[in-house]
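Okay, structure first, notes after.
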Amino acid sequence: MNIFLRKKYEEFLFEDQFFGDISTLLDDFNEIFTGYILVKEDCVIAGISHVMDIFKMVDRNFKVLELNFRDGDFVSGGKILLKFEGIGGLILKCERLILNILQRMSGIATNTKKYVEKLEGTGIKLLDTRKTTPGFRYFEKEAVRIGGGYNHRMGLYDAAMIKDNHFRILGKDIKKIEKIRRNIPVTSKIEMECHSMEDVYKSLEIDVDIIMLDNFSPEEVLKAIKIVNGRREIEVSGGITLGNIEKYSLEGVNYISTSKVISEAKWIDISLEID
Amino acid sequence: MNIFLRKKYEEFLFEDQFFGDISTLLDDFNEIFTGYILVKEDCVIAGISHVMDIFKMVDRNFKVLELNFRDGDFVSGGKILLKFEGIGGLILKCERLILNILQRMSGIATNTKKYVEKLEGTGIKLLDTRKTTPGFRYFEKEAVRIGGGYNHRMGLYDAAMIKDNHFRILGKDIKKIEKIRRNIPVTSKIEMECHSMEDVYKSLEIDVDIIMLDNFSPEEVLKAIKIVNGRREIEVSGGITLGNIEKYSLEGVNYISTSKVISEAKWIDISLEID
Amino acid sequence: MNIFLRKKYEEFLFEDQFFGDISTLLDDFNEIFTGYILVKEDCVIAGISHVMDIFKMVDRNFKVLELNFRDGDFVSGGKILLKFEGIGGLILKCERLILNILQRMSGIATNTKKYVEKLEGTGIKLLDTRKTTPGFRYFEKEAVRIGGGYNHRMGLYDAAMIKDNHFRILGKDIKKIEKIRRNIPVTSKIEMECHSMEDVYKSLEIDVDIIMLDNFSPEEVLKAIKIVNGRREIEVSGGITLGNIEKYSLEGVNYISTSKVISEAKWIDISLEID
Amino acid sequence: MNIFLRKKYEEFLFEDQFFGDISTLLDDFNEIFTGYILVKEDCVIAGISHVMDIFKMVDRNFKVLELNFRDGDFVSGGKILLKFEGIGGLILKCERLILNILQRMSGIATNTKKYVEKLEGTGIKLLDTRKTTPGFRYFEKEAVRIGGGYNHRMGLYDAAMIKDNHFRILGKDIKKIEKIRRNIPVTSKIEMECHSMEDVYKSLEIDVDIIMLDNFSPEEVLKAIKIVNGRREIEVSGGITLGNIEKYSLEGVNYISTSKVISEAKWIDISLEID
Amino acid sequence: MNIFLRKKYEEFLFEDQFFGDISTLLDDFNEIFTGYILVKEDCVIAGISHVMDIFKMVDRNFKVLELNFRDGDFVSGGKILLKFEGIGGLILKCERLILNILQRMSGIATNTKKYVEKLEGTGIKLLDTRKTTPGFRYFEKEAVRIGGGYNHRMGLYDAAMIKDNHFRILGKDIKKIEKIRRNIPVTSKIEMECHSMEDVYKSLEIDVDIIMLDNFSPEEVLKAIKIVNGRREIEVSGGITLGNIEKYSLEGVNYISTSKVISEAKWIDISLEID
Amino acid sequence: MNIFLRKKYEEFLFEDQFFGDISTLLDDFNEIFTGYILVKEDCVIAGISHVMDIFKMVDRNFKVLELNFRDGDFVSGGKILLKFEGIGGLILKCERLILNILQRMSGIATNTKKYVEKLEGTGIKLLDTRKTTPGFRYFEKEAVRIGGGYNHRMGLYDAAMIKDNHFRILGKDIKKIEKIRRNIPVTSKIEMECHSMEDVYKSLEIDVDIIMLDNFSPEEVLKAIKIVNGRREIEVSGGITLGNIEKYSLEGVNYISTSKVISEAKWIDISLEID
C-alpha cells in the first residue's frame, strides 16, 4: 500500500472514530463473524481495492471468502460483491467508511461510463476537471478512470494551465506564457484556455501543447479545428452534457472535459450485512 | 482559527498544489489584484467563513472590500458574494479550493432547507447521517446546520448507536446494550435502531435515550409513538424523501433523518473573477 | 489497534528516543531475551492492553509467555504481571514508557476504586473531569473507567457545558443557553453549572440535560434535589473528598465528580526485569 | 516559538477540542473580555511562558494587562498572576489547558524546591529521571529546572546509560561498554549504574563519565567516593526522600536524583476568571 | 509561503533543534542584533528566498537591512549578500540551516551554469535527474533551474518513464507501453529509454512523447535523430561531462540530462556573522 | 524499525511518489521478479540496513536471496551487494530512493575512511560537523560512523557550543557561559570555540568540557595543548584537509573535525538490475 493512500485511509478512519468507537467496547465485538457487501442497484463498481486495503489495515484477521467483481465491472442490483470474515467490532468500525467510498466512487464510475459510451469509436478522450470534493480528489479521479474516462491534470503541480484569470493578470502580453514553460518540468504540458477564435490564433504563435476551447459551439469548434490544423491538441470544455456531447465529437478534437461526471454523480445503494 | 480546521485547509491546499503551482511562477503573479466571487444561481449560501480563513491563511495581503452575505442567507443568482483584493498568484492558488467548498456546501445547505421547510412549525428536527464524503464530513455537516438542519452524531466517538449489525453480533441478549452504557461518557446518548414493533417494546426495557424507527410506515410510526409514550426520544429514518417527509411529521417524533440532504445535493454554480 | 492509539504510542516513543537509543547499538542487544514485569505494591492494575500493543508494535518477535491479570484486577504487591520474550534492545527501548503508563494508570485506577467503593449500592456514578495531564487524557480517563468510575465528557467537542465563565460572557440572558443546543449534535447532552439555588430554578426554565451543583453543601444538594424533582440529571461537584463523599451520596444524585481521582493518584511501584 | 513547542500546544488543544468547542458557537463569545488568573495557594510558579504562547497562538487579540510574576517566583496564595483581555470564546477554549499546565508544572517546581533547599550550599545538583508522564516530559523536566533542579538526560538519544538490564544482556564482559562509546556523539556522556562496591571498582577500569550508586546507604556512598577519588562523577539514586536526602549530601557526590520531584508533586490550585 | 515549503522548513529546523537549542537559553539571546551573510567565493547564488522565509518564520522581528543579490545572480567572493537584524538567539537557531541551504543550492546553481553555458545558442535544454539527496530534492531541482537548467520530471507521479528495468518486467511486448498511457493524466508525457537503434525504431511504432538515448555515442545520436526525424522529442543521457557535452549538442536534440549537475556540485563557502 | 527512521523513509518515498508511480499501473508489475544491486566502483559500503528496511516496508514479499557485505565493508567495483526477489512494481518504486541512499552514504563512508586512516594509531577521533544536507543529517552522520569517524553533536539539543557569534552576543563576560550549564542536562557537554591563545586561557577559568581550537596552526595547537595540560578535551577544527591532517595529529588532541568528510564526498556508482 502506498504512503499516500495509507495516510488517506488513516485520515478517513480518524475522522469517523477520533479516539475510538464507543458502541463496540464489549468483548462480544472481539469475535470473528462473516458478512457480505450487497450492491442494491445497477452500477459500474469502483473502489474495491480501497475496501480491501482498509479492511486489511484495520483487521489482520480479515479474510476474503468470495470476491465476485473487479473495479470497472458492471454489477446488476441485488448481486453480492464480497463475502468476508473478520473481527466483528473492527468490521463495524470500517463499515460506514468503506460504504461511503464504494457508493461515491461507483456513482462516479457509473456516471462517467454514460459519457464515455457517447464517445465510443471516436478516439476522443473524456476528461474530468479539478472540481472535486476537497480531500477526496484522488478517489474521485480514479473513479473517472475506472468508468472509462481519462484524468486531466491532478493538480496545480503536474501541468500548467493559462486560464481567463491568468490572462487578466498577465495583461495582453501573450509571450509571457512562454516564460511559464521555463519553470515547469519538460515532461509536463502547458494548456491555454481559449474564449474566442482570436485566442485560438494567438495560441499558434506560442509554445503551448493543448488548447482548450471554452464554451464554444460545435460550429466554432469545427472552425477552430481547421485553424489549428493538428498543430495543437484540442480540448473542448464548458457546458458539455449527456445531451449535447455527441455534437462535440468532431474529428480533430482530442479531449472533451466536464466536471459533471463527478459533481452530478449519484450515490449507488450498497450495504454491508453481518450474517 | 482552530487546529482542526487549519489542518483541513492545509490538507486541501496540499492536495491541489503538492510542491507548488507551476502556472504562476512569473513575477506578474506577485502583484495585488482585485476580484470578486459571483453566485450564479439561487441558493442558501454556505462556507463563507472557510473562504475567508483560507484566503487569509494563504495571502496576508488579502482584504475584504465588500461582503454582502452571511452563511445561511438566501442569495439569488447573479449576486456578488464578495469583493476582495490580494496577491494574484496566491488568489489563483486558492480559487479552485474555495469554489469547491462554496459550491458543495451551498448545495447541501440549499437542499437541506427544502426538507427543513417541510417541517416548519412541527418542532421536529431534521438530521443528517454519517453517509458523507470521506475527509469532508465536518464541512458537509456544518452545511446541514447552516441549511437549518441539526447534526446527528459526528462519528463513532461522540454517541453510541446499536444498529442491525450490532444486534447480530450481540445475539438476542438485549441486556448487553446496557453494558455499553458503562463505557461511554455520561454526557453522550445511546440510540437503538428498531426494525419492528417488537424492537420498540424491547427498547423500553433497557436504558437507551433515543430509538430510531428504521423504515417504518407513517402508520407504524404512529403506533410506536403511542407505545413509547414519551419515555424515549424518537427518530424516524429510512426512505425519507421530500415527497413523503410530511407524512412522517407526526406529533411525538423528535427527529427525522436522511442522508439525502447531503448525498443528493447538487453543486451550486459559483465563480471567481479577477478584475 | 486504532489510529488514535497508534499515533499516541508513536509520539510517546518518539519523545523518549527521538532518532534512537544510543545505549543499545551493539549486536548483543539484537538477541532474544526473556523477562518479566513485577508489581511491587497492592493496586488495581491498569494499562495492560497498551503495554501489549506497544511491545508488539516495536518488536515483532515479542511473545507473551504468561499473563496473570487483566485490566481492573486487584494485584497484590510482589506478583508477576507478565512474563515475555523479545529482542533485548527493543524491550529496553519500551521499558520506561510501558512502566510510566502502567504506574500512572494503575495509580489512577487504584485511587478511583477507593471513591467508587464509597458509592457502592447507591447507583451514583463517580465521574472524572477535564483536569488531566495534557496529551495523556485518554489514558487517564480510561484508568478511571478501569477503576470503576465513569467518564464525564472527553473534551469540548462531545458535550456542552455552561459554566461560570460562560455565564459572565452571556450576561444574564439564560435563554441564550438554548441557542447553544441549536449547534450541538442531538446525541450530545448540555450541562449547566449551578452556584446557587437560584441557578437551579433557572435551569428548570430551559432545555438542559444535566445540572451540576458546584460546591453545594449536602444540605443544599438535598434541597436542590427536591426542587428539580427528577426533571434534570444531577451532578455534584467541587470539594469532594474520600472523607465527605458519603455525605453527598443522596438519593436523586446521578453523578459525583472529582478531579482528585486523577490529580491525587500516586504512581504504583512496578518494574521490568530482563532475566 | 519553536516547532517542538508549537506542535505540543497544537496536540494539547486538539486533544481537548478535536473539531471544535460546541459550547461557544454563539456570537456572544466573539466579543473581547477581560479576565485574570488567580493563584489560590502558595507555590513556586511554573509554566507562564507556555500560557502566554498558547493564548497568543489561539487568540491574536490576546493582550497582557498585568503580569506579576516570572517562572520560578514564589507566589503566595490569593495573588493574581495575570490580568488579560481576549476574545471570550477563544480564552475559554484554552482555559482548561493552560490551567492544567500551570497547576501541574507549578506543583512540580514547588516540590523540587523543597529538595533543592535541602542541598543548599553543598554544590550537589538535584536531578530528575525519565519517569515522567508520557507526552508531557518536556514540561515536567522544565518545571524541575524552574524549581532549582537540573535535568538528567532528556531521553534515550542524548546520553548513554548502562543499567541493570543492560548488564544482563551484555553478560559479564564489561569491556563491551566501551564499544557503546564508539556509537555515541563525543559531546554526550556515558553513565554506569552500580549496584555494589564491585561495580564501582569495575567502573574505574572502563571509560565512563558518571557512575550512579543505586540504592546505596550513606555509608556505602562514602566508601564509594573514596574508591572513585574524583576519577568519575558520582550520582546517588534510589530511595531518596525529603527525610533522608541530607544524609546523602556528602562531599564528592555530584548529583542526587529522584523521580519523586515529579511523581509525587501535587497540583497547585489555580483558576481563571472572566470578569 | 506554501504548505509544502513550510513543512520542509519545519522539518529541517526540527532535525537540528528537536526540543530546543540548549546553548541559547540566557536572556542575553533575546535581544535584537544586526548581522550579515558573507559570500566567500565566486558563485551563482541560490536559495535566498528560502533564507528569507525561514528567518521570517522563526523570528517575527527579522528585518532585511540590505539585500544585494537575487537568486541566479553571479556573486563574486567577498561580497555581502544580506544585512539584517533580528533576535540573537533566533538568528543563531537558523544559522546552520540557512547556510546549509545556501551553500548547497549555490553550489548546484554554479555547477549547472557551467553546463548550460556549453549549450548556449543551441536551444538544447540541460536537464537534471531524480538522483537527488532524499528529502531535499525540491531544493536541488530548484537550484538547477536557478543555474539555467530545466527540470526533468519531479518524481514518479508527474510523468511516465519506461526504462530498462520496466522493459524486463514487461517482456518484449512493446504495445503494453501504450496501456500505460491509459492511466496517466493527459497533461503528462511518456518517455521511453532507448539502448539501441532497434529501440529507437520501436519507439516510433508506439505513442510516446520523448525518447531518451541512453549512453549513445555522438555518432549514434546523430543516426537516431535522422531516424526519428522530428516525430519524437529526443533526450540524450548517460556519461555526459563538461568535457563531452558539446559533442552531443547536435541539432535535433531537445534535451541533455545529467545527474552530475547535482551530485558533483561543491558547497560554496558562505558564512553568517553577528556584528 | 524505529519511529524516526520509518517517518524518514515514508517522507523520502512520498517525495518521489506523492500519490503514486504512474509508470507501473499495469498488472505486469504485480508479479514477483528477481534482481540484484551492483556496486560499480571501489568503496566503503554504507546504508545497507536502510535498503533492507525500505524494501521490507514497501513490499511484504521482498526476500533477500544473497547478501554479500555489511555496512563498513570495503567493496571492490563490480561486486554484487545483494540479490533479492520482490514485486516488480514495488521494487521499481524504491529503486531510485535506495540507490540515492546507498550512493550518497557510501560516498561519505569512503571519504571518511581516508581521513580516519591518516589518524590511525594516534587515538585521535575524526569528527563530523552540523554542515549536512537539510533533512538527511541522520544518514550522513551515520555514514561518518560507518567510515570510522565519530559524531560531533547531532544538533542544537544534545550539547552546548559557544561559538564566535555567541560571544558577540554575550559580550566579554565569559562567566555567562557557566550560566548556560545551568540549563543543559548534566549528561551533555559544553564546548567553547577558541580563536586565540587568550581564549584558551579564558576557557580554563570556566567550567567547559571541550575547547575547540578554530583555525589554529599546528604550532599554535601545540602551544594550546601545553597551556591546557589535560584540563580540557581538545578539538582541532577549521581548514583540515587530507593533506594537512597529519600535522595536526598531535599528542593531546582528542578530536579533529571537518565538514569535508560529508560535503566533499562523491556519489558512488551503484545500480539496481531486474533480471
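Should a chain be cited, it is by its letter among A, B, C, D, E and F, assigned in written order, with residues numbered from 1 in that chain.
Criterion: a residue touches a chain if its C-beta (ideal position, glycine included) is under 8 Å from a C-beta of that chain, and two chains touch if they have at least 3 such contacts.
Because the structure is predicted, anything quoted here is derived from the model rather than measured.
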Mind listing the chains that sit against chain B and also against chain F?
A, C, D, E
When D-E and D-F are ranked by contacting C-beta pairs, first place goes to D-F
Most remote chain w.r.t. Chain D, using mean C-alpha positions, is A
Please report how many Å separate the Cα centroid of chain B from that of chain C, as a whole number.
32
Could you please state the distance in Å, as a whole number, between where the Cα atoms of chain A are centred and where those of chain D are centred?
52
Could you put a whole-Å number on the gap between the CA centroids of chain A and chain B?
23
Whole-Å distance, C-alpha centre of chain C to that of chain F, is 44
Give the residues of chain A touching no fewer than two other chains, as numbers and ranges.
17-20, 93, 138, 154, 157-159, 183-185, 188
Along chain C, where are the residues that touch chain F in the complex?
10, 13-14, 17-20, 93
Show which residues of chain D lie in contact with chain F when the two form their complex.
125, 127, 145, 150-154, 157-159, 182-189, 191, 209-210, 233, 254-255
Considering the complex alone, what residue numbers of chain C touch chain A?
2-4, 138, 154
Chain D touches which residues of chain C in the complex?
8, 11-12, 15-26, 28-29, 31, 33, 35, 88-89, 92-93, 95-97, 99-101, 103-104, 130-139, 155-162, 164-166, 168-171, 176, 179-180, 183-185, 188, 259, 263-264, 266-267, 272-275
